[in-house]
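Before I ask anything, let me first share the structure, which is written out below as structure tokens.
Labels run A, B, C and D following the written order; every chain starts at residue 1.
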Amino acid sequence: MKAKIYNILEKEGSVSNRIFEFFIVTLILLNVLAIGLDTIRNLEPRVVLLLRIFEAFSIIIFSIEYLLRIYISELTHPARTKLGSALRFMFSFFGLVDLIAILPFYIPYIIKADLRFVRIFRLFRFFRIFKLSRYNRTLQMIWDVIREKKSEFIMTFFISLLLLLVSAFLMYYVENPVQPDKFRNIFSSLWWAVSTLTPLGYGDVAPVTTPGKVISAIVAIIGIGLIALPTGIISAGFIDKISSRNKEDRKEGTKVCPHCGKRLE
Amino acid sequence: MKAKIYNILEKEGSVSNRIFEFFIVTLILLNVLAIGLDTIRNLEPRVVLLLRIFEAFSIIIFSIEYLLRIYISELTHPARTKLGSALRFMFSFFGLVDLIAILPFYIPYIIKADLRFVRIFRLFRFFRIFKLSRYNRTLQMIWDVIREKKSEFIMTFFISLLLLLVSAFLMYYVENPVQPDKFRNIFSSLWWAVSTLTPLGYGDVAPVTTPGKVISAIVAIIGIGLIALPTGIISAGFIDKISSRNKEDRKEGTKVCPHCGKRLE
Amino acid sequence: MKAKIYNILEKEGSVSNRIFEFFIVTLILLNVLAIGLDTIRNLEPRVVLLLRIFEAFSIIIFSIEYLLRIYISELTHPARTKLGSALRFMFSFFGLVDLIAILPFYIPYIIKADLRFVRIFRLFRFFRIFKLSRYNRTLQMIWDVIREKKSEFIMTFFISLLLLLVSAFLMYYVENPVQPDKFRNIFSSLWWAVSTLTPLGYGDVAPVTTPGKVISAIVAIIGIGLIALPTGIISAGFIDKISSRNKEDRKEGTKVCPHCGKRLE
Amino acid sequence: MKAKIYNILEKEGSVSNRIFEFFIVTLILLNVLAIGLDTIRNLEPRVVLLLRIFEAFSIIIFSIEYLLRIYISELTHPARTKLGSALRFMFSFFGLVDLIAILPFYIPYIIKADLRFVRIFRLFRFFRIFKLSRYNRTLQMIWDVIREKKSEFIMTFFISLLLLLVSAFLMYYVENPVQPDKFRNIFSSLWWAVSTLTPLGYGDVAPVTTPGKVISAIVAIIGIGLIALPTGIISAGFIDKISSRNKEDRKEGTKVCPHCGKRLE
């Protein structure tokens, strides 16, 4: 029985697991849509009722799934005692995500709380998509690349921050006397700098003086380089990863690296 | 006879095929232009007449080509019977494209239908460009890269979707009380999120509150990372592909110039 | 004498050549600035006079350089006769650029012509920058990458064109009934599509209907992929080029590839 | 004593150094925030007082640090004499940064100067972040890639400049007669060109004529290529760097884990 449920919920590649995952993903995406519909005012009572029913249905499904996952936690999160396994699952990342995703429905029955704020936790269901067994390897790879290039990204962030600050300061001194309402202080100026360096493009804070326009142009051109930098880093990371994985696939060994736990030649 | 037609229509590299392909591509691009001109109102009757004549001319050419392709289907789509070959061609991707591209002209003679809607199918002719034998290898490569990195793209899409949803929700709670008309509901908020993360930049929905601007800035900066991710993945895919193709070429024994990739003997 | 001039004008790395190139690049950039200043109306007569003097000075320098280059054409463009060398230089790419850059000044003395239109040719001087011996190898490499990936870029262009056309058509049918003035015909719609896919962001043609916004969002997201595609192709091209150049540097041979003329192992 | 201070200030990896660096980075970031808050007008006197106290506190810390760095300069910048070491530190890049960062506070006590202008030097503190020992290797690598690809970037810059100039000129001739106020001269036109090629997107200068829109569209599409070019160059640079570093690591004889790049023995 436990093994059967495990097969459905977790075993990668089995037919029942594929059907279950497809069903859950559909349910999650419909839930996201429902959360969006909930914010529309003056909805027809009929639609509101439908949304309530759908919400109740989803909660039942997700609650059953959560209980089943606790039930099979011995297999997914082995510990010495049954309680230990259950607790290990409940405090794992996805265990907490599962709990947070269903909690907002039960809270008003337990304590009195502002429903509006709590509802946002329903969005946590979306994290579940990243649990899909099929995409495990891919997500792991993307995550590895980001983690390995962490210090490169931090440096890029600091370089960008420096550029943002310097250009915001220069812009403030240049444009503040002419447009005191738009370049009121450094923070307005920073807002301009972010708009210029990213594709925001609201155009609500634009330079009017010639030096202001020259600074804008220079910042925008340097900004392209700053978009190119993380892209180049990510590219290099992926290529490095793929080539080392290819090597790994070719050489079948048993030695394991003490740092990352992966196989060595 | 059949071989001659085949040479003209399909044989890569032959002079007659090159002339034929150039003629067809020109005709397709002129057709696209004509479809565009058709949407201009109050065109001079002379121009309208010219467009009608050109359309009739194109249809005749494309119809003849379609019939000839059925005629030579024995060579391009070999099957046990002649009818089998014809059907295999007619239900192949490009067979259907060819049919859909000429159908809109004949439909009004067969059944009564809304011409305006049917006309859009004339755009299908454009797909024909991708059939050019010359670019077969390139398109195949681009397609291979996209297909091989499918799960990476799906993951990137889900990560982007999560970012869009979370930022749209936060923005809704922050900006809705101040600008209830612009951030009316989650869907307006999502529209803002897409504008911020992509180079849309309509600026019709912009934040006015300080937290709203801070969220915008953070989302825009993360957004650059999300542009960098698919770029890095595609780069890695192409490099992987090129290096494995180089290896294949080497394995096959034929000597290849390391500079231009062309075969030497 | 001839060798000395050759050293100054062409010999990469010599001190006199470095000084000469620095002088020419400065003169070209100042000329570009002068061309810009020329378009400002109501300039002070003093400034106009200065610009005229500077223009005359530049023309004299560039004319002398042009004559000297004809003089040393025996060394740079060897042919059987002196006249042959001179003609070979004059009809080479940079020979024509040099001529076109100085011609606009002499034309009014020869024939009567609209000066305004002819003046634009002065911009041709800018091409001279690409002749700098120092950057020869780099420009060659960038050019090689673009040429080798030509069919990939053409395919990307056609895919983008298809996306532009399909989205423009859909947008036209969706938005034309609501905003007949902005989405007047397919060409207005194409203008919207280009704005959406590139960082233009004028925001003068924006969708107002819900399906229009949904199409915009989808097109913008696909558009990111279309920005990623050429970037990935260029990355792959550069990496391929660098790695093959590295190999080339390591292996010193004499065989030459009959296709590209580069050394083989 | 000197060794102990050296450990805290400079020795990479030691616990005391980590705590010290965390403290300094926090202080720098808070200082940047304070500089920003300083530009807000009509701040409450209480907040102004707090900012003054914080500024005095920071100056004391940075001054002590500066003196300590002079004190340990024998270890960090060894020279024959103690004074030599001190001077070598004081005139090193980070020695100057440290001095400039604290100078603005002391200047008014020495000479009478415009405080507003001098204050901007407080921003120099930010450069200190790049001194963090942890990120030394990363910053070095980013710097190496940019320096090695210098001529590629210069070429890309010149190609972009040429495109900017040509498109600005064409646009000026096309749009000037219709919008003489917006496309007043080449420099206004250049401002449009920069807006079009970068994600600025202010939309204050937009074409209205059909040829103007066609030029815009073409420039924007070519512009994507110009964004792709530096990205591709940076990608190639990083990949080249990583692969050559991997080779170096292998050559040095120490075994390295192929997955995480860390040394094994």
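Everything below uses one rule, namely that contacts are C-beta pairs under 8 Å (C-beta built on N, C-alpha and C of every residue); 3 or more make two chains touch, one makes a residue touch a chain.
Quantities reported herein were computed from a predicted structural model and do not represent experimental measurements.
Participant: Let me check something: if the centre of a chain is the mean of its CA atoms, which chain is farthest from subunit B?
Facilitator: Centroid comparison gives D as the farthest chain from subunit B.
Participant: Shared numbers divided by all numbers used: is that above or below half for subunit A and subunit B, i.e. same or different?
Facilitator: Result for this pair: different.
Participant: What is the distance in Å between the mean C-alpha positions of subunit A and subunit B?
Facilitator: Chain centroid spacing, subunit A to subunit B, equals 30 Å.
Participant: Taking the mean of the C-alpha atoms as each chain's centre, how many Å separate subunit A from subunit C?
Facilitator: The answer is 42 Å.
Participant: At least two partner chains per residue is the criterion; list those residues in subunit C.
Facilitator: 190, 198-201, 203, 227, 231-233, 235, 239
Participant: Residues of subunit C touching subunit D in their complex?
Facilitator: Going by the criterion above, the answer is residues 32, 35-36, 38-41, 120, 123, 126-127, 129-130, 134-135, 137-139, 141-142, 145, 160, 190-191, 194, 198-204, 226-227, 230-231, 233-235, 237-239, 241-243.
Participant: Which part of subunit A faces subunit D closely enough to touch in the complex?
Facilitator: Against subunit D, subunit A makes touches at 148, 151-152, 154-156, 158-159, 161-162, 165-166, 169, 172-173, 184-187, 190, 196-201, 203, 206, 213, 216-217, 220-221, 223-225, 227-229, 231-233, 235-236, 239-240, 244, 247-248, 257-260, 262, 264-265.
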